[in-house]
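Pasting a structure below so you can have a look.
Labels run A, B and C following the written order; every chain starts at residue 1.
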């Protein structure tokens, strides 16, 4: 398929250490987030996608291009790594310009593209200062600009928002969304799951080198059969609400919150529950808030990957 | 039955006196130091020569034994030359000990950014330097003037009161000479260790400063036909000072006073370098 | 550190300091400069909260402020007090009351975690035996129980962060300063860290200053927020109060809603706007949420999320940046 990034039965071992094992993925355009604990294979997957590392087994194709063909691959792909390392002695502009020249375009074109990329990440004033004097956030932004300078169709970004303040985060997220809207494939790895929720179209969850889930978060959640949907309601009379809910067979379990101002409901049929809730809200129960308790990336993460003990 | 749950509780007990906090560094650094077998071995080796000297002192007062051996008693006179040579040998061993122990003092703290953790507590930079340098000071004292004074006491108890009164100044010279050598070595080692993040490199730099300083000094002397090259030779400066302290004949190259000034200058420079680096965060302009 | 569990003890949901407690940090025209550059200009504020979030764009002076309060940098002019001790004259007292968790790596590689935390405790004045006890307790508390005898050099990033937290609390400080505590942590470790910060806040024994780029972290743990911009204070307020003031704004996420739903809402007189599949509306006078539910019942709309304006801090931050 020439319109997807395809991993066919891909494994990567570093000697006897496992990078990823038996990965099968087909990534469509839009924003895809890679999520997983440290060491689960996210960076390996990105390195495999960009051809920096060859798979021990299996085939990878990025929009029809093979990953061992960097000449053609990097025309359509931009990569921003998580490592904070730069060639010594270069200014921001020189850094971008020299890497653009490597792609074979002529000098004036490269200069134009470099400045355009610098403007997109708001580093115009600092472009003539040495990268070594940049703050952490600025270094992150110049790395990002290097990835998108040549307008690639595929953007592979390893923890792109690391070190950025809230404004810069919002700006970069808008940038990624704009790119995705134009049909680009934006692949981001992140630990901040509530941001993943907001920006991603689909999510790939990794654990210990295996893909444990992929797809849209809500649909993934729907497939986790063992865990019924959990919904949190805050209202003034939780017990009255609970009594009405227990009367119906869609309710599996209800816990009343410690502060007597809310409850947690487990149900197999969220839709029916919501319709019933509308009725209950009209008839005297004042609802302060409704929130799906486990419909987000964080809860899916905890179900599938678990909150492992930190000390391993 | 009761259920006990662990939760956070603040500290309400007594605190140790503020002045004694630098000793914490002393205790921990010393423990870390002697964990290395090489270090401990070297430390033990430093006592071989003092033991030899102890034997020599004993022999010097055992004329009959000497006569049996057929050795004329004049060879083993215990005087200022004896202690001068003792210090000479022990000072070399002290230098080796510093090259091993010194770099590991401050480099590990710098390498992983631990300095802010020290200084965000009621603990000043001076206390930090004092704590670290006390490790070296005590260690080097244990191999220089402490065994020296022990030897002196043994000698004076064997030789009698008159000898002791005549030669008491040797004990003073022994202590002072050792202290100045300890000071310059410690400051040099710590200054290097504060500017270089890797222990091995700091140790190598210490050796380099001594040996290359000496070599370069000699080169200058030969090429420019002067004696000022000796100011780059820390060991030579030290020896000059010692000769002055032990009333030994000096080479007619540089005066004892000049050597003192030069060494004190080196100490000041090292101290300044040290204090520049030992701070929580560098101010980046 | 063991306490008897008291059944029925209420959980505090609003984290506010005890009445009559002294202000945590007072700034009076504080200025700090490096050479010719002014980093902090004339900051004046009185910070009171139980947990205070410190926000601001890069280069706004957050780290400089923290470093000045800890005495690493000298104030150029003006003054500041922490727990009523002046930073110029009472720095030693301030440092004995403060625990600091720096943003960057900070550890000594050849020591085990227990030895490290014990030494830090002793440097803060704890007698050696108490320091050892509390080192173990601190490491248990942060969750490094199994790994506490291992060398710090072998720790993963998450574990190093927890070790930094342990050394910050071992001597029982009254103020805990955390600089980007969730930096580099994976999602499980982040949740742990946030939970632990909330626990520490809820014990009421320590006040917290949290410096972070992640608004969600600050929102989940802090009750007051100080926003710096360009070396000056752009905003200072109590988040809870701001939230309580937003009672007329409603935010919804729905299934099965179409244009009819929004039209019906507008017919009731409420302004409403859709952004990123969320419906935001302002309840008109006389209208309350049950009216919205009635509309939903009529149109078979399932309201799967409803809250009275959640993203308070994001709005506050954006407004502060614009002014």
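As a convention for this text, contacts are C-beta pairs under 8 Å (C-beta built on N, C-alpha and C of every residue); 3 or more make two chains touch, one makes a residue touch a chain.
Remember, it's a predicted structure, so these values are computed and weren't measured experimentally.
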By label order, what chains touch chain A and chain C together?
none
Name the chain whose C-alpha centroid is farthest from the C-alpha centroid of chain A.
B
Based on Cα centres, what is the most central chain?
C
Indicate the whole-number Å distance between the mean C-alpha point of chain A and the mean C-alpha point of chain C.
24
In whole angstrom, how far does the Cα centroid of chain B sit from the Cα centroid of chain C?
49
Based only on mean CA positions, could you tell me how far chain A sits from chain B in angstrom?
58
Give the residues of chain A that touch two or more other chains, as numbers and ranges in rising order.
none
Quick one: which residues in chain C touch 2 or more of the other chains?
none
Residue positions on chain A within touch of chain C in the complex are 35-38, 135-138, 162-169, 191-194, 198, 231, 258-259, 270-271, 274-275, 277-279, 281-282, 286-292, 295, 298, 301-302, 305-312
For a test of understanding, state which residues of chain B touch chain C in their complex under the given definition.
2-16, 18, 21, 24-25, 28, 32, 108-109, 111-114, 116-123, 279-281, 283-285
Chain B-touching residues of chain C, taken from the complex the two chains share:
1-5, 34-35, 37, 67, 70-73, 92-93, 95-96, 98-100, 102, 104-111, 115, 119-120, 122-127, 130, 134, 137, 140-141, 167, 169, 171-172, 174, 199-200, 203, 205-206
Chain C residues within the chain A interface of the complex:
11, 13, 55-60, 143-147, 156-159, 162, 184-192, 213-216, 255, 276, 288-290, 293-294, 296-297, 300-308, 314, 317-318, 321
